[in-house]
Amino acid sequence: MEKIVVNEIKMPKTNNPILIGGLPGIGNVGKIAADYLIDKLSMEKICDIFSQYLPPQIFIDDEGVTHLSRNSLYYKKIDGKKEIIIVTGDFQGTTQEGQYELSYKILEIAKKLNVTTVYTMGGYSTGRIVEKPRVLGAVTEKKLKSKMLKSGVVFPKGEPGGGIVGSAGIILGLSQEIFAMDGGCLMGETSGYFADPKGAKELVKVLTKLLGIKVDVKDLELRSKQIEQITEKMQEEAINKGQKKDDLGYFG
Amino acid sequence: MEKIVVNEIKMPKTNNPILIGGLPGIGNVGKIAADYLIDKLSMEKICDIFSQYLPPQIFIDDEGVTHLSRNSLYYKKIDGKKEIIIVTGDFQGTTQEGQYELSYKILEIAKKLNVTTVYTMGGYSTGRIVEKPRVLGAVTEKKLKSKMLKSGVVFPKGEPGGGIVGSAGIILGLSQEIFAMDGGCLMGETSGYFADPKGAKELVKVLTKLLGIKVDVKDLELRSKQIEQITEKMQEEAINKGQKKDDLGYFG
Amino acid sequence: MEKIVVNEIKMPKTNNPILIGGLPGIGNVGKIAADYLIDKLSMEKICDIFSQYLPPQIFIDDEGVTHLSRNSLYYKKIDGKKEIIIVTGDFQGTTQEGQYELSYKILEIAKKLNVTTVYTMGGYSTGRIVEKPRVLGAVTEKKLKSKMLKSGVVFPKGEPGGGIVGSAGIILGLSQEIFAMDGGCLMGETSGYFADPKGAKELVKVLTKLLGIKVDVKDLELRSKQIEQITEKMQEEAINKGQKKDDLGYFG
Amino acid sequence: MEKIVVNEIKMPKTNNPILIGGLPGIGNVGKIAADYLIDKLSMEKICDIFSQYLPPQIFIDDEGVTHLSRNSLYYKKIDGKKEIIIVTGDFQGTTQEGQYELSYKILEIAKKLNVTTVYTMGGYSTGRIVEKPRVLGAVTEKKLKSKMLKSGVVFPKGEPGGGIVGSAGIILGLSQEIFAMDGGCLMGETSGYFADPKGAKELVKVLTKLLGIKVDVKDLELRSKQIEQITEKMQEEAINKGQKKDDLGYFG
C-alpha cells in the first residue's frame, strides 16, 4: 500500500490560506486548541490522511462504530476573506521517518492550496502547574517576530533549550527549508501531566489575535477551572496526609 | 525481495464470499476460533503469504520437517451457496508498517475474490478468568449493528476504551476506508493469560450464527473444561498455601 | 545506496554446488565451523556482500588496516567434482527485514550458481556445557532425513521447540518456499555462553560425512580442549570458594 | 519525500579536494575539531543536507529563529592549491540505515567534487580523563600508515578492539569499498563524559600536520584549560567530602 493515503472529501479553491498545525503532543494543548477552533469556527473537513506511520488502531464511538486512526485537514473562509486550514488528528507519526513523511505530505497538500504561511501549535512542558501559562514562540525569519510579540508571544532566550521535537517542529522546519514558506511555532506552557485546556486557551487567544479573528474562549475557561478544582483538591488531600507543601511540585 | 510474497495454491472462482480474520492475538482466541472453523468445515488452503513483516523463523514438525512462518487463506463454499474465506497464520505483522502492509495485502486478495463483507475476530482482555465470556462487537456502519445484536454480540459503551489495536482492528479499518467494504469486529473475552479455548468457543458460536451456518463446538467445550480443571486446581493449591481468595485475581 | 551491494571478486562456473551457511549465532558454532572449512579446504572468496542491514562498523586488523563489516561467499571444487559454496561473515542481518533481504540475496546468488541443495549450520543452546554435543537436524522434505541420520544427525521430537530463528532458519525457509531448493539445518549443541569450538567440531564432522568429503578436525579438538581446561579451572575455583557442585550449572 | 534532500548553496569547481568528516560523537571531539577548522579557515558552506535519518527537530537561536536539523559541507582552497571539504552537522544518522545512507550521500557529493582521499575524525573513549590525549589511527591501505605516523598518529595493536562504529567508521568503510577512495580515521582520546576540547585540539594538531596547513590551536587550548579547572575543582571537592583519590576514576 502507499505509505500515506489521502482521501479527499471536498477540496476548496483557495487564495492564500494560513496553515495551522495542532496535533497531539505535550499536555495535548496543540490538539485541544485545534479541536476547539474547528468546533467554534464550524470548519469543514476537506481530507483525511491514513498512514502506516500512524498506529494500526481503530477507535469505537458510543454507537459501536469504528474509526481508523488518521490525521485530517479542516478549512474555513472567515469574514469572506481570511482563509485558514487546520490539521489535527489522532496521533503524530510514530517514527522519525513518519514524522518527516506525514509533515511533508501535509505541506504538499498545503502547497497545492496556496499556503505560504504556517503556524504550528505545541506544548512546552514546565514540569509543574503554572498559574498563567505563557505562549513561547519561534519564527522562521526574524522579521516575523514583531507581529508575534504584539499578539502576546514571548521569546525567552535559551527556551526551549532542546529546540522543538515532533510535528510542531518538523512541519515548521520543512515548510521553511523545502517549501519556501514562512511562519512560526506557538508553544503553550503546560505541566505536561494531563490534557491541559489552560495552556490550550492561551494558544487560542494568541493565535486568534495573530490571525485577526475572534473566537470566544469561555468553554476552555470553564474546562480549565474544572481541572484546577480537581488538582487543588488533590493538593489539599496530600497536605492532609502530612506531606509538606514543598513536596507538591507535581501538582503545583 | 518483495516485502510480501503470495504463493497461490488454488484460487477459487467466487461470487461474494465473506472474509473472516483470525490471526494470533490476545488469549489467541481469534486464531483458535479460525483454526477450529477451518478444521470442522474442511476448508481448503488457497494461498500462503510469506513476508519480511513476519519473524525470520521456521518451525519444525514432529517429523523434523521445516515450515516457514506465514499467513494463509482458506476457502469453502457451504451448502452450495455460502462462501467463506478465513485468514490465519503463525504471527501478525511484527511492526506497525507490517500490520498495515499485511492487512492491505489480505484485503487486496479478498477484493479480487469479490469480498464485500469482513469480520475480524480478536480477544478482549479482562485480566481475570471470566465464567461466561461475552463477545463484544464493533461495526463499520451503524446499520450492521442489529444483525450482530441478534447473533449475541454485545456493544457496551466505552469498551474497549483504547479501541482495537492490531490485525483485528486494522483489517477492518482498511476494509472500510480504502476498500469500501463493510463489516465488524468480534472480540471474545479472555483472561489473556494463556491460549483460551473458552473465549474462542463463544466466538465460533456467535460467528456461525451471524453467517447462518452450523458448526458443532463440542471439541472447544472439551478443551475449555480441561483448562478450567487446571486453573481450579492451581487456585486450590494457592488457597492451601495460605493465600486469601482475594489475592487470586490472576486465576479467578 | 542499494540496501545490499555485492562486490563480485571471481565468480566461478559451477554445475550443481551445495550451499552451506555458517553465519555468527548461538555459541558461534556455525561460523567457527564455516571458517574452519574455508581454511582447511583452501576455499576461494568469490564475492563480498556489503549492506545497510549489517552494523555501520569497520574493524581494524593488527596492521591498523580497516575492513568494512560484510558477508562473503567462498567456493571450492573438491576432487574435481564436488562443488561447495560457503557463506559466512561478520554479522547476521540486524533487523527482521535484514534477515530476509540478506538471506534472499545469498540465495539469489546461489541460484545463479545452480545451487539446488542448501545446508545451514547453527547452534542449539543447552544452557549448560555438554560433554558430547549432539548435532540436531531439520529438513525441508521428509525424504532427506535418512541421509542425515546416516551422517550422525539426530531428530529429537519437539526440539528445538521454538523452531529456528535467524539466518540458519530463514535461509533454509526461503530456499524451500521461494527458490524451490531443498536441504536441511544442522544445529550443534553448545552452552551458548562463549564461542564454542566443541559444537563446531561436531558440525564439521557431520557435515563432511554428509558431503562425502574429508576434513581433519584436529585443530578444533585442540581448541576444544583448551576451552575445557579453562572452564574446569573455573569450576574448581568456584568449589574452593565454597560453592556447592549443584550451583555450577553455568559451568557444568 | 526524498529520504535525503541536498540543498546546494554554492558548489565549487574542485580539482582533488580532501574530505574530512567531523560529525557529533564520543566526547564530540570530531565535531569540535571540525567546527574549529571551519571557523579558523573561514570555510564556505557549499550545501545543506536535510534528512529523515536525522531527528525531527528544529533548534532555536538567541533571536528566536528556527534551524532544521541538518548536516552541512564546507569548502576552502588554502594557499591557492590545497582544497579541503569538511562535513559536520547537528547529528549523525540515528538508525543503521541512516548511518549508511547519509554517509553514502556525503561520499556521492564528494565523488562529484573529485575527492579521492577521506579522513574521518572521531573520539576514542578512555573512560577517564587523560593528561595528554593520543590520536589513534586506522587506514584503508597499509601504505598510508607512514604518513600518518609522521603526523603524530599512533597505531596501538588491538585498539580500538571493537573497531569503529558510526559515521567515522562507515564513511571510511564505504569510501574504501564502494567509492574506490582511500584514507584514514583519526580518533582523539577523550574521557567521553563531556564535550571535550582537549581531544579535539590533538585532532586539529595532527590533521593540520597531515594536510600540510597551519591552524593556530590557542582557542582550543584555552577552552581545554577552562574544562581542566572545572574538573580539578570537582575532584578537590570530592576529596574534601572524604572520598579516596582512587574512587575518582570518573574525574581523573
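Here the chain labels run A, B, C and D in written order, and each chain numbers its own residues starting at 1.
Simple rule for what comes next: a residue touches a chain if its C-beta (ideal position, glycine included) is under 8 Å from a C-beta of that chain, and two chains touch if they have at least 3 such contacts.
These figures come from a predicted structure and were not determined experimentally.
The mean-CA centres of chain A and chain B are about 38 angstrom from one another, to the nearest whole unit.
Here the CA centre of chain A is 53 Å from the CA centre of chain C. Not a single residue position of chain C touches two or more of the other chains. Chain contacts in this assembly form a single closed ring in which each chain touches exactly two others. Contact between chains, per the stated criterion, is found for A-B, A-D, B-C, C-D. Within the complex formed with chain D, the residues of chain A that make contact are 96-97, 99-101, 103-104, 137-142, 145, 155, 157-158, 160, 162-167, 169-170, 172-174, 176-178, 185. Here chain B touches chain C in the complex through residues 1, 3, 5, 7, 48, 50, 52-53, 55-60, 62-66, 68-69, 94-95, going by the rule given at the top.
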